[in-house]
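Each of the two complexes below includes chain A, the first together with chain B, the second together with chain C.
Entry: the complex of A and B
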């Protein structure tokens, strides 16, 4: 398995997990706050596991891949980078579109010749099944809402756009990595 | 809608009330219940029940104080002692 291809997925999962975790404490109601935060945490967990496999190929560590690369080295899609708080309809539109696209990608990984990659993909897919259920419940609930349909139309073309990062990606990267860089030479 | 959630810790054990979740429909209720009461391996099964489906009974009439209906109203200790004495087996245990 090509480590760069794994990084693309891992970066998406890390950054989407970050963006979704921005809803922690401010989601529309408490049960959803817990649920959506848990999904965010799962995505970051998937990122960690994928970074670990890539790190072995690249002779580095998962943390270094997640936090020590330069902003321009991230391979994430613009789609996951967008900050959508406080627009819940857009957030759910992205969640649903992402889970659909991610399903194809993870199913392809499950067919990998590398048993480690295929095994991890199967584990991830079992968790993603619940994410997909969650996204679908929300889709069913919002499917007649014009603001949700507009959000789907707006976001759909961005799903796999990797030509450029969001304009303020450098600020985003700064925030994501500032703690890690805050103490020189620290080995957290 | 409020849904009451019951959880079973191990197979064969009785379900016990775990708490409740608020959800717009049953699908959401199941998902939230799984998230809040089953994610950490603390349950092998959940029952998710709309609160309206639960019949609460909180009034128990016992006007004639028939205390023999109650566990604490029918002490066996004294009666057992007398019976043992009659049978001559007192002190055997």
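Entry: the complex of A and C
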């Protein structure tokens, strides 16, 4: 399995996990605070596992891949990078679109010739089942809401766009890696 | 020299860091124990990939093995070998007794939302199946929240994975 292809997925999961965690403490109601925090934790867990496989191929570590690359080296899509807090309609639209696209990607990985990648993808898929249920539950609830439909139309073309990062990606990267860089040489 | 059985027994005393009522052996996350001379190799797999207790579990296993006078080699395996079906019958009973509804058996296909929304899940307190889904997600990734209409208790339901 190509390490660069794994990095693309891992970067998406890390950054979306980060964005989802921005709802922790401020979601519109408690159930969603818990849900988005839990989904964020899972996505970052998936990123870590994918980085570990890529890191072995590249002769580095998962932490270095996640936090020590330069902003321009990340392969994430613009779609996951967008900061959508406090827009709930857009957040749910992204969640639903992402889970659909991610499902295809994970199913493809499950067919990988590399047994380690295929096994990990199958484990990820078990967890993602619950993300998809959650996204679908919200889709069913909001499918007649004009704001939600407008958000879907706006975000759909961005799902796999990787030509450029969001304009303030460098600031986002600063924020995401500041703790890691705060003490030189720390291994945490 | 330490035997495999001694290692399994020692590992069976380690509580799950997040649900201490159940041991990591009952949880089914210890996949393999092998003894070679003075080295004990353990393979284990996390329940969920984002499990924050991974390092704690790894360290506790290494510690127990050192106490037996052997050199630990604990490997984390990130494959698809764990499912909630691996929780032992004793483990399921321990979960239930402490208010966690044990997971439903995994069927051939992945669990579905309509299934979670039906009342077939049993309340761990009164045994009623008149329960409803409150939230797919709960205090840790492995749990959902349900509410028992019969005894009016919220309870945590282990997700089927």
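The rule we apply is simple: the second predicted complex is superposed on the first by the 188 of 188 C-alpha atoms of A that agree within 3 Å, B and C clash if a C-alpha of one lies under 4 Å from a C-alpha of the other, contacts with A are read in each partner's own complex, and residues count from 1 in each chain.
Just so it is clear, a residue touches a chain if its C-beta (ideal position, glycine included) is under 8 Å from a C-beta of that chain, and two chains touch if they have at least 3 such contacts.
Keep in mind it's a predicted model, so treat the numbers as computed, not measured.
Considered on the superposed chain A, chain B and chain C are sterically incompatible, since they clash.
When both complexes are overlaid on chain A, the residue A:165 reaches neither chain B nor chain C. Contact with chain B, but none with chain C, is seen for A:141 once the two complexes are overlaid on the shared chain.
Look at A:133: by the touch rule set out above, it reaches both chain B and chain C.
With both structures placed on the common chain, the touch criterion links A:29 to chain B but leaves chain C unconnected.
Of the two partner chains, neither chain B nor chain C is touched by A:95. By the touch criterion defined above, A:38 reaches both chain B and chain C.
Here chain B and chain C are compared by how many residues of chain A each touches, and C touches more. In the superposition on chain A, no contact is made by A:19 with either chain B or chain C. Residue overlap on chain A between the chain B contacts of one complex and the chain C contacts of the other covers 31, 34-35, 38, 130, 133-134, 137.
Taken in their complex, chain A has these residues touching chain B: 29-32, 34-35, 38, 130, 133-134, 137, 140-141.
Within the complex, the chain B residues that touch chain A are 21-25, 27-28, 31-32, 34-36, 39.
Chain A contributes residues 31, 34-35, 37-39, 41-46, 48-49, 52, 115-116, 119-120, 122-127, 129-130, 133-134, 136-137 to its touches with chain C in the complex. Residue ranges on chain C touching chain A, taken from their complex, read 48-52, 78-83, 110-113, 116, 134-141, 145, 159, 161.
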